[in-house]
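A single structure is presented below for examination.
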Amino acid sequence: MLAANLAFPLLTAAILVPLAGALLIALVPATRREVIRPLAVLFSATTGAFTLWMLGAFDRSDAGFQFATSHTWIEEFGIGWNLGVDGISLFLVVLTGVLFPLTFVAVTPKHDPKAYYAWLLMLQAGCIGAFSALDLFLFFIFFEIVLVPMYFLIGGWGYGQRVYAALKFFLFTMFGSALMLVGIVSLAFLDRDAALERSEVASEELAGLQESIDVREVSGVDVPQEEYDRLDELTASVEGADQLTFDLVEIAEGRAEALAADQAAIDAGEMEARDSWNPLDWEAAKWIFLAFALAFAVKVPLFPLHTWLPDAHTQAPTAGSVILAGVMLKLGTYGFVRFGLYLFPDASLFFAPVIATLGVIGIIYGAVVATMQKDIKRLVAYSSVAHLGFIALGTFAMTTQGIGGGVLQMVNHGISTGALFLLLGMLYERRHTYDIAAMSGLQKATPVLAGVFTLVMLSSIGLPGLNGFVGEFLVLAGAYLTLKWWAVVAAAGVILAALYLLWAYQRVFHGEPTEEDLATPDMRIGELAYMAPLLVLIVFLGVYPKPVLERIEPSVAALVSHIEGATDFEEPAAATSGFSGTTADDHGEGE
Amino acid sequence: MIGAIYALDPLYLDGVGLAEVLITLGKVLVTFLILLLSVLFMVWFERKVIADMQNRVGPNRAGPFGLLQTLADGLKLIVKEDLIPNRSRRFVFALAPFLSVIPAFLVFAVVPLGGTFSEGDPGIVTIAGHETFAQLADPPIGVLWILAVSSIGVYGVMLAGWSSGSKYPLLGSVRATAQMVSYEAAMGLSIATLIMTTGSLSTRTMVSVQAGEGFAGFVPNWNVILTGIVPFAIFFIAALAETNRPPFDLVEAEQELVGGFHTEYSSIRFGMFFVAEFMHPVTMSAVIVTLWFGGPAGPLLPGFLEPVSGVFWLVAKVFVFLYIFVLIRGTLPRFRYDQLMDLGWKVLIPLQLGWLLLLAALNVGRDEGWNYAVVIGIGFFVVGGATFFLLSRASEVSRQRRELGEVDA
Amino acid sequence: METFVFFVAAAICLAGALGVVLSKNPVHSALSLVGTLFGVAVLFVAQNANFLAAVQVIIYAGAIVVLFLFVIMLLGVDRAENLSVDPLVGQRAAAIVAGVAIFALPVAALATTGWDATGAIANLGSVSDSAVPDVEGIGRVLFTRYIFALEITSILLAIAVVGAVMLAKKSPKAADMIVDLPARPTSTDADAASADATSEEGTA
Amino acid sequence: MHALLANLTAPLQAADEAFDPIPTPEIEWFTIVPLLVLVGAALGLMTLTAITRRPLFGGFYPLATSVAAIGAAVCTWPIWDRIQDPERGPFTALAGAIGVDGFSVFMTVVICSSVVVAALLADGYLKREGLDGPELYVLLLLSASGGVVMAAANDLIVLFLGLEILSLAVYTLAAMHLRRVTSQEAGIKYFVLGSFASAFLLYGIALTYGATGSTNLVEILSYLTQVALFDNGLLLAGMAMLLVGLLFKVAAAPFHAWTPDVYQGAPSPVVAYMASGVKAAGFAGLIRVLYLGFQTYRVDWQPVIYAVAILTLLVGALMAVVQTDVKRMLAYSSINHAGFVLVAVQAATERGVQASMFYLASYTFLVGGSFAIITIVGRTGDDRHSLDDYRGLAKARPALALVFALLLFSQAGVPFTSGFFAKFYAIAAAVDAGSYPLAAVAMLTAVIAAFLYLRITVSMFLGDVDDADIPERRTLPVPVGAAIALVICVVVTLGVGIFPHVLTGPAGDATAVLVGF
Amino acid sequence: MLLAAGVEPSWYLVLASALFAIGATGLLVRRNPLVMFMCVELMLNAVTLTFVTFSRMLDDIGGQAVVVFVLVVAAAEVVVGLGIIVAIMRRRPDATADDLALLKG
């Protein structure tokens, strides 16, 4: 295995390469149109290769951030180019790296290939950046910048209502993230204020120490070296106290420390627990968490904020839908894990029931609404609402299984929904419609397509033996321990998922084909070729998820213990049992 | 407030009693009467002199040498029917003549009429045991008063033209306004040189300063010499234009505008314009004499005439200028409108501005101990030459452009 | 005496100000403005600001209002305005309310300070010292404290000249105009007057 | 009696001798070199036009103007150098009339850059509209000199004069398109309302003078720190009036009503200058007055600015959305931007000044570039500004559309552009000062405003294109000057967006001095 | 005597603020640009009166010096303002501020 701390900045490269590709493509002269697509695939695949390399080089026993790079960007605000991946973000990065070249191969744009590929490459860079940013500010930047290419993709290459959908998409997401910026800035300043407060204590000690040392130096008494060391240490901490930082780890650990101290005080009865639901009693952290949560909830999307998603999905071009469902929605759920739980263990715990409720509503609502859709793409879009509800539920269950299952489910959803949208794209290419009623009995004409579709659909439903099952099961199992009733209701969603997907399948592929249906060509070898990796993954992860889980688990476990350390939350014993198989021996039975 | 009043006149130093009020009223009355009489005289004088120049006799029926001719004309005007045109704005129409005539009177308030100024004497006369100045008032801003009041004179002309509700008066008054406002700038600038050399805004102080010893014992210390004649020339030309005297009488150019702004006026209203028109040369001559020629200052007359020597010199000097006014009217043809404007804006103002700067440079040079010759050389020939070159080049270019029709934007 | 002067001048000022606002005819407004200007000049004299009083008359009455009248006559826009119609419903009432507020603000402010200025006394030179005439005092201040301000007024004047010249350029032909509004009736009288006066533009 | 007579004769004797010379203050010439360069260039240009029949060569005027503006900016270097010298630091010059500190130098450079952009735009514009006019360049330079004066003004009177110099020239410029009725209407509207605001400003100065006995900001500050005014109604009234005047100039609500009309009617290059240079100068004045003169009264003015900022943000964003004319849209958006600067100003901290400086500097290029494109698209007559006129621009002129999109996205606050950092710093300043709700409102209005920018991009990129229309659009000529201006704006926007410290560095160095004056 | 002074300086200030308010109201009420502009002059006059009064109250000549600047500014404003008004009214002699509502949208 390669050393995790490579000299080569893999992450930076994975961001800059597609960007460079976008730039290069933008500069291709109009006469050399034919080189655009190969170039795009090349750059995107290179990025994919980087991410795969990362996957290979990832140290599975390390719960911390790997491949970390850190460069100062804006010194005054302590903003840096801090990147790194841990078990939680690793697979999302890899997913981004792999899914893009696949869509490049799979889908060709109707017009303006130059702009199309340039935007997509920029999008890839942005997504990788967002998943690997370890600086709050940097994260926000990537989180926000991905809107622009997506906006142009939907608006430029989408279907009928594309302008409306693009606008809605942009404004919804920007609305969410607007407050997040305020939250991020507030957090950084509060962190600095806290540091200043601490440094006051330190400076008092410093003054005392300095005086005593001075006295002894003057009178010629020996001063022990430790005291000098302590002096330097204190001086350093006092001097740096008013320096702002946006570093995720630094702020999170600082907050955790402070929270732990508070918790200790609460346990000792010196302080009252602040768990009032009266907004006037809330400390800043809760508000800031809400600002973050709003941004993520829009992105996920959670129930009342989801309305942009069906439009965006439906109107987006196939590649857009694939990327949107496969990668971009994960920004929200990933954000919840990384910037919700990690950064605000207290507030996350406080708001967990609310968000879990929204997640569950999303599950049921998404399923019910999906059932009623006439447009198959819209149906899949609503199914995403349901699936992401699962992830949110798992995340806010705060158990190792729940969070880990959520992370796995993000990957799964990326694969299977991405594959579904690719298949729908093929259908559309053949029939120029997404209307369920317009198709029937396609199975006869296109047996291979039907077969592949069945597999992917079953994965999406969560059939045991396929990848979807593992994730959903873990989520439910994890959630049951802490959010019992939520898990029970959510389980019903699984059944509903089976209902609407199978029904849709039945209407499209079974029944009496018309002439037009019979004339529909089947999948080509090429199409099968680029679907193959996804199909393999679907089956492989369903049968043998261990390689993924064992990489996810350490980071998730660390996160859970981080939460436990900072709050009065205690993970139920049952949930501490490992789930990745390899560690089953150490922890007892898993799933 | 109290201090301000005191500074006007030593008369009020001991407080204001009945005597002081009476003396002041007397001064007002005398000034007013002098002016009125001088108008009567001026009309006659002008007609007579011009008649002489044209080999005519001039007025010779009423009174000796036709001296009472003006009085007769005035009486005739008063008893004539007062016509007010239908389309006129009545209130303003009635107001305009007053606005025209009152400023003409007001200028005279700050003109020193007499008193001795020799040997540092501040020009105080004694009336009934009270010391006072031989002028109606001596505000510390006397020169500005002249400027201010003469600038008010525009209103009469302007409103008369406008309120007549008729085309020619309107055009006449628009012309007059532009003309008067334009030349006021040149006039103000030339007065600025005076203020710089005398260091005061009070007319009395100006006269006092000019009463000082001049060069070589016989050249008087008059401002006209101290400032190098040019500002005076400009002032004089501007004064002609301000008063709408020929050759700047475009306002009432009969051939073009009938009677100009007072075409629609008749009877006593017209009479007031008439009075104002002929009062202007008198007041302007008095102002010119005060500002540039030492006013009442001059050698003391011998014997019993000594107390009136100030008055004598003033009247003598004013007479000279009255004659010049008439002379110009009798000899020079009228300007064309664009020539008038060109003269004002392109010649007088730049020239006066340059002259002011030159004098200022000399003043600074005096304080800094520079060589006069060098200052004059550089200022006059180098800077002035460059400016002249630029100006002439600019007007040449603009002429070319006009000919090529490029002016249209 | 000062009381008398004050009240007379104040009455003239206020009457003039109201005249400006309430006159239908712009010429009457301008004349009312002259009244106010004189009133203010008198109040200047009453407060020992002789120089300013004179300058006020020379510049305001002698130049500014003359220019106003000149423009009115040049353009023939002395048409009476119909004041009985409120152009925007409620605008007039709102304006009056605003006016009262604007009046009340400084007065209330003065009331809080006991009807007196609160600033430092005699910073740049005394007014009441009769040994130094106000002209000299102002001159000293202008050439010391305000020397920079004095110098940059020249830029202001340069702008005025350049701007006026630019705006007074020969009017383009009517056909050339880009008019995106309905045609309006024009008074022939005014046209004749302005046509003749166009060449005099540069002197304004 | 006789003593008084002696008094009366005294001037006579004095007149004979040399006059008592006034002790004129020392003039630190090097501090006003930028100003002199601007004014000198303007006068030189004017003289040159008078004595030559045609410009020396095509593009001479914009070139000369740009060179002068850049020269003025370069001439600030020695001043900057001296200020940054820790042993000497900022100082007042010219008898205390101007404060020479980093802030003034920074704003001078900002104003000069806006002149460069506007001059480059004006070249093609004047040719296209068939206007001749070195006057535009002359007035531009003179107006900028007023801005420079404002940025350094240490005396309320100097500030007022600077404001008038700045404004009078711009009033004229707004009305300069003699063939467009709307242009003149814009001029007159701007003029009447502008002088209205000036009167308020002046009344404010008068009341402040009455309350403190001085018009000098430093003296006001020292008076207010030494004397505790218990009944400070006069001062507060003066401050309120001053604020009205200054807020008008920066187009803050509720004094914004002129902005859309004027922006719509005035010639586009002039609007570019109005939105950048004039606004920057207005804020410079505002900051100087509030942070310097009324430093000790921040408790009183902060809430006012707070309320005005919220109102401005909301008005700008909400009204912008319902417009259909792109110039009006950008006018309202500029109001919204002014709100953001006010958010920074409200903080009353060093960070606040720094943020507003950053904002103004980056906005100068954003708005300059935006109006460059509006100028180009407006075509002859300068009246094609409806959203429809932008439809299909991406097809006809992809580069132009892309640049416009970049500038618009930057105004919306999309990362990796200067606009994002501008907003970020403003928010950071507000948060640092504890004004969380203000920051939140600001960001929300940014989203609302983003809708407007998206509408423009939509019609450029995504609108249904009538193919018949395209050939005409392809002929949209892009003059060289405008192209250069666009390149500059794009480079700055992206450059600052990626390396913000090129601006924050100087801004930070500049502020340390103003606040701690 | 007649010269006995009984005027409080603050009366002047109140008068000035009244003038200012009348000017401001007039500007808001009137539609004729020329008259609106005259109202601005009224306001400026009120300010000069305020300055002179404060100058007297504070016994400081600086207040009077400021008035000189106000006058210069007023003059320059008039030149520019009337220039614009002439430019527009020459084309449309009956323009009022309401007609200027062309720029509404």
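For reference, chains read A, B, C, D and E in written order, and residue numbers begin at 1 within each chain.
Going forward, a contact is a pair of C-beta atoms (placed from the backbone, for glycine too) under 8 Å apart; a residue touches a chain by one contact, two chains touch by 3 or more.
These numbers come from a predicted model, not from an experiment.
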item: Common touching chains of chain C and chain A; value: D
item: Chain located farthest away, centre of chain D as origin (C-alpha); value: B
item: Maximum centroid distance from chain E, chain identifier (CA atoms); value: A
item: Chain nearest the overall C-alpha centroid of the shown protein atoms; value: D
item: Chain pair with more C-beta contacts, A-D versus C-D; value: C-D
item: Rounded Å distance between chain D and chain E, as computed from the means of their C-alpha atoms; value: 25
item: Separation of mean Cα positions, chain C and chain B [Å, integer]; value: 27
item: Rounded Å distance between chain A and chain E, as computed from the means of their C-alpha atoms; value: 64
item: Distance from the mean Cα position of chain E to that of chain B, given in whole angstrom; value: 31
item: Multi-partner residues of chain C (each touching 2 or more other chains); value: 1-2, 46-48, 51, 55, 63, 67, 74, 105-106, 110, 117, 119-121, 123, 128, 134, 140, 145-146, 149, 153, 156, 159-160, 163, 167, 169, 171-172, 177, 180-181, 204
item: Where chain A touches two or more other chains, by residue; value: none
item: Per-residue multi-chain contacts in chain D, two or more chains; value: 133, 157, 161, 164, 168, 171-172, 175, 178, 181-182, 203, 207, 209-210, 213-214
item: Chain C contact footprint on chain B (complex, rising order); value: 1, 3-4, 6-7, 89, 92, 139-141, 144-145, 147-148, 151-152, 154-155, 158-159, 161-162, 167, 170-171, 173-175, 177-178, 181-182, 184, 188, 201, 337-338, 341, 345, 407-409
item: Interface residues, chain C side, partner chain D - complex; value: 105-106, 108-114, 117-121, 123, 131, 139-140, 143-149, 152-153, 155-156, 158-160, 162-163, 165-167, 169, 171-172, 176-181
item: Chain C contact footprint on chain E (complex, rising order); value: 1-26, 28-32, 34-35, 37-39, 41-42, 45, 48-49, 52-62, 64-69, 71-76, 78-80, 82-87, 89-94, 96, 98-99, 102
item: Contact set on chain B toward chain D in their complex; value: 6, 10, 13-14, 120, 122, 198-200, 202, 205, 208-209, 212, 366-367, 390, 393-394, 397-398, 400-401, 409
item: For the chain D and chain C complex, residues of the former touching the latter; value: 7, 22-25, 27, 32, 39, 42-43, 46, 94-98, 133, 135-136, 138-139, 142-143, 145-146, 149, 155, 157-158, 161-162, 164-165, 168-169, 171-172, 175-176, 178-182, 203, 207, 209-214, 216, 219, 223, 227, 229, 231-238, 240-241, 381, 383
